[in-house]
Amino acid sequence: MADLKSQHLFMSKKLKTGVIGLGRIGQIHLANILYHTPNAEIVIASDVSATAHETAKRAGVATTVSAEEVIGHPDVDAVIICAPTPLHVPYTIAAAQAKKHVFCEKPLDVTVAEIKSAQKAVNENEVKLMLGFNRRFDPNFLKVRSLVAAGNIGEPHILRITSRDPAPPPLEYVKVSGGIFLDMAIHDFDMARYITGSEVKDVFVKGDALIDPRIKEFNDIDTAVIVLGFENGAIGVIDNSRKAVYGYDQRLEVFGSKGMAKAENNTEDNVVRYNNEGGASALPLHFFLERYEKAYRNCLQSFVDCVIENKPSPVDAHDGLMATAIGIAAGISLREKRTVAIKEIL
Amino acid sequence: MADLKSQHLFMSKKLKTGVIGLGRIGQIHLANILYHTPNAEIVIASDVSATAHETAKRAGVATTVSAEEVIGHPDVDAVIICAPTPLHVPYTIAAAQAKKHVFCEKPLDVTVAEIKSAQKAVNENEVKLMLGFNRRFDPNFLKVRSLVAAGNIGEPHILRITSRDPAPPPLEYVKVSGGIFLDMAIHDFDMARYITGSEVKDVFVKGDALIDPRIKEFNDIDTAVIVLGFENGAIGVIDNSRKAVYGYDQRLEVFGSKGMAKAENNTEDNVVRYNNEGGASALPLHFFLERYEKAYRNCLQSFVDCVIENKPSPVDAHDGLMATAIGIAAGISLREKRTVAIKEIL
Amino acid sequence: MADLKSQHLFMSKKLKTGVIGLGRIGQIHLANILYHTPNAEIVIASDVSATAHETAKRAGVATTVSAEEVIGHPDVDAVIICAPTPLHVPYTIAAAQAKKHVFCEKPLDVTVAEIKSAQKAVNENEVKLMLGFNRRFDPNFLKVRSLVAAGNIGEPHILRITSRDPAPPPLEYVKVSGGIFLDMAIHDFDMARYITGSEVKDVFVKGDALIDPRIKEFNDIDTAVIVLGFENGAIGVIDNSRKAVYGYDQRLEVFGSKGMAKAENNTEDNVVRYNNEGGASALPLHFFLERYEKAYRNCLQSFVDCVIENKPSPVDAHDGLMATAIGIAAGISLREKRTVAIKEIL
Amino acid sequence: MADLKSQHLFMSKKLKTGVIGLGRIGQIHLANILYHTPNAEIVIASDVSATAHETAKRAGVATTVSAEEVIGHPDVDAVIICAPTPLHVPYTIAAAQAKKHVFCEKPLDVTVAEIKSAQKAVNENEVKLMLGFNRRFDPNFLKVRSLVAAGNIGEPHILRITSRDPAPPPLEYVKVSGGIFLDMAIHDFDMARYITGSEVKDVFVKGDALIDPRIKEFNDIDTAVIVLGFENGAIGVIDNSRKAVYGYDQRLEVFGSKGMAKAENNTEDNVVRYNNEGGASALPLHFFLERYEKAYRNCLQSFVDCVIENKPSPVDAHDGLMATAIGIAAGISLREKRTVAIKEIL
């Protein structure tokens, strides 16, 4: 799939956005609006750090320390929330009440109640809410989804997702991350629902701390195999690891009554070298921002387009609710060593 | 890996064998001894069917209707048991008592007690017993095992096996097959132990009849995801289907602290065609006798070599016991929807 | 290789450029400067077409009908020449005399004399000249070159380049294109010199009009096999076609005393689908702007960096001269059915 | 493609053969008849070496020092000639006159006159003559040929053959080998005619001694790029090297008006390993007897079948004539540095 940008290159109608939070992800969205989303522009961005202000100013972007100022700015039509997770719902509700559309980073929240309150505010104020499950917009996964949706693999029977990070986060981060299920596997839970087009009914987890035993002190694990039951009868299995020394391993496969489709990794290049010792090829792209470069662009572009063209949000509050609910159920399954039904959570 | 035959092509020392059972697998072993195992020969073969006798006679092989005659034949040093599963243990014991070495098709039996009685007879009579877990001798899986054994992937964390048949067996066969775990997945249970070099500690199954609901009438399923806990801490996952429309899908992957190794399918050829609709490549080899052609030859060759060179059996009664025990545990897990420890079975 | 942009995202020092010619390639460079080259900006762009002016104005770029105005503009430090080929040298000389650095699309010219006059002007005025042989900056070819340069394949013995367009240009274009060697294969001639790090000594061509016989009326061909002799002793072979129905086929392979390295095509995605008919995979990226998206960005970025950091031009007038000389020699070889030495041309 | 053997496993009708020459290739054919060609058997084999007799006797094969005895043996219906090349034609003629069918190793001879005399004898005596161009029977190349023959790639425009040996032969062998074109590339000349289904019209060679300059003392080379013109208009290019350090490199690709088909190498296994340094895969099968194991079996089987079923020889004297003629023309092209027409040779 081509960069969506080229289709819009010199468009005149533009969505006016404000960005809340200029950490790593906030800067990515900022750069994508500036350089890769021709029908969007930035009015103002907020962050509490002075360094972030410097960076934004060099790119010609006005800044403030106040998220409220971004939400309340009269020229801002949509806010892009990249603040820490506990602030996602409060800012979403405030923006909705100010009649601003919202793009919010995942997860929307780690509790069902909070997500439902955001969902309520968005519905009542008739604004769009889109969650940043960017992987849905990756060309490989888009292709697999389109094959499944077109019936090319028949009834889905087995879904396999391999999702392994190149390196574990610092232990300080682990402590506040919400755990492997709500921090890392949540992407895979969303992907499982997206690819199969079916809700998850129950979840079973087997996991351990095989990379770094200290992670257990925070009641967390670093290696997991997660079995999902879907409402359409399919069975899913996700394998997660916090440390794949060969890079960021992001593959999936769906097997059904008429065939199978699998997405392999994107690699640094397509060169193979042979000498007397063997064949050597490139590793999977290591850094998530590089691996999902197009996904991030396509994702933000989809938000901008859904607002401008008044289409339904491609990833809405219900999607956020379900991904979080599966994550909560996975945590219970690990602790109680049993299959947990999603309806126990909702 | 080259066909082992060429190394032995004109050897003079030969193991004298008798074959019991000339069904599909029996005929394969017969042909392998005749044409591909230079240091073995056939003295006599038994079967109850007249057609089988005709076939064997055209190949110049003497025949009888009596398995006992094969076992008791003074020129026979080793018997190759390809009779129905319930006869595996009785014939193994009879052969051991007659001081004949035994190659027996899998599974040795579907009960722990029977396997232990065969194990006892073999040990007491100091003969070799090798089980026909041929897949261990496939060049791809041999290579993965050798990488794991050499420490190339570090400590194993996750093992994934995909094992899907091209088409389900007839329902009449299903009825007497012992079920998907003891008939089909038993190969994967053996492979899991072989690749990781570790015993399986517990098993959890999620499965269903997604291909043909009638299979449920026989308390069986056709689609399964099986999670294994290993004694070395690794977590394994097997996905099985009785019907992959694109062929016989036999892959595995082992992920560890230092890297990952995966075995892809063998395909009909290595040709790729491109036209304006896409790229087209060959399917996985469809027929198990073709897919595992070298594995069958190498497997029988290993038996013959272990007898002639008086080496330990590469796949012994303990291996048969453990594979069956995992299969029994898997059945309990499916019925009782819980993780089952292998020690509950033994 | 990551998009170079991210490394420079918020840089303050910027090269001030003017663009001459806003056709397809001109618009690509314009968009790359606007959105993907943070340390460059556009002062003014020229084109004779009113439509081009509209497009540029929507992107906020000042325009003129006069190339001279771009060259003479006091704020312009470097010009990017995307005008028709016959104007390349005149504009390059004018810019050099105005002490402006020059990025010029390939080919610099189709005659040796003209190229040498541009080379002279550039040298005398001590400005940079870089030619738009963008493919050198493609991540695959960069990787192969780096392997060769590091000695990983040993002494190069055989170079193979496959370069096939997805569709032939209109016959009207063919008429004025300079022929397949100076219009299309010139990229491959430059690549041959780049990958081997050696000058081409002689060339032999076998070619024909196999796709559309009408192309012969313009003394041109659409299918060619070109054999190159290199000064370091290596032998090269290029195969060209104007029409590969499966897409834009851009591969190369270098074989040497210590091994081999090959660059495969980039594909639309990394998804493979299997059904009962076979395996199906994505086609090579079809459109050259998409296939070489990163190459175009990296190429322009390299020009900007070489000016800002005062480094030698990575693709200079000598490179342009040699590529054109090989193209001219190839034309003679086709007409005279003999090996033509490059020194016959220079 | 499955081993053809299984289809014939217990057939009763058998072709009675005699083998002349028990060198490396002779022993391969001997083993294939004994173990892999169920509808053939060996009556007698000849060789001048005592060691060869020992080997054959251990396999239960009667031997003689006299090729004439094999040809004249009343029970022999077909001879398999694996003697040195200068003896191919004399033995073929003698066998034909004795009304014996002939399978003869390639090349039939290195001169046109000799080949024509063998052709005459075979025709007059109405026996089959098949040449051992075994590669035609390799599953990959069979598949490409069938795609071309079925029109799947349209009109062939470009044929590419890569044929590189893992190691050069000893210089003593080079001296008597007939040179790279008649010893090594002759397989590729036959393949070029087979894949395209068209006669070669002319040939141009560029080659050198890049691996070992001493080979030049014998007027030979070790590296070549060969351009072929076909009667159907297609253009072919073969690249040969006597030494690919990574193994036996045997690939080809045919490009046409409707698409492209390419045969990749067969590898030692289908395992890929990833660690922090990159991906590692198996090398191409190194040894020609292993790489072409199935091709050798299928080839001999085809000869046996063509005799038993009285079908035309799949590779006849004309095929031998043309391959040799192209080889002779290639030698002239190298010496005279010009395109040589095949009709200059015939």
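Think of it as A, B, C and D in the order they're written, each chain with its own count starting at 1.
Convention: contacts are C-beta pairs under 8 Å (C-beta built on N, C-alpha and C of every residue); 3 or more make two chains touch, one makes a residue touch a chain.
Note that the coordinates shown come from a computational prediction; the quantities given were computed from them, not determined experimentally.
Seen from the Cα centre of chain D, the chain whose own Cα centre is farthest off is A. Chain A and chain D have centres, each the mean of its CA atoms, that are 57 Å apart. Distance between chain centres (mean CA atoms), chain C to chain D: 43 Å.
Mean C-alpha position of chain B lies 38 Å from that of chain D. Of all residues in chain A, those touching 2 or more other chains are 245-246, 258-260, 272, 274-276, 282, listed in ascending order. Shown here, the protein chains touch in all possible pairs.
Within the complex formed with chain A, the chain C residues making contact are 1-3, 5-6, 9-12, 27, 31, 34-36, 55, 58-59, 139-140, 142-144, 147, 152-153, 258-266, 268-276, 282, 287, 289-290, 293. Residues 155, 157-158, 160, 162, 164, 204, 206-208, 210-211, 223-225, 227, 229, 233-237, 239, 241, 243-246, 249, 255, 257-260, 337-339 of chain A are the ones touching chain B in the complex. Interface of chain C with chain B (complex): residues 245-247, 267, 272, 274-276, 278-284.
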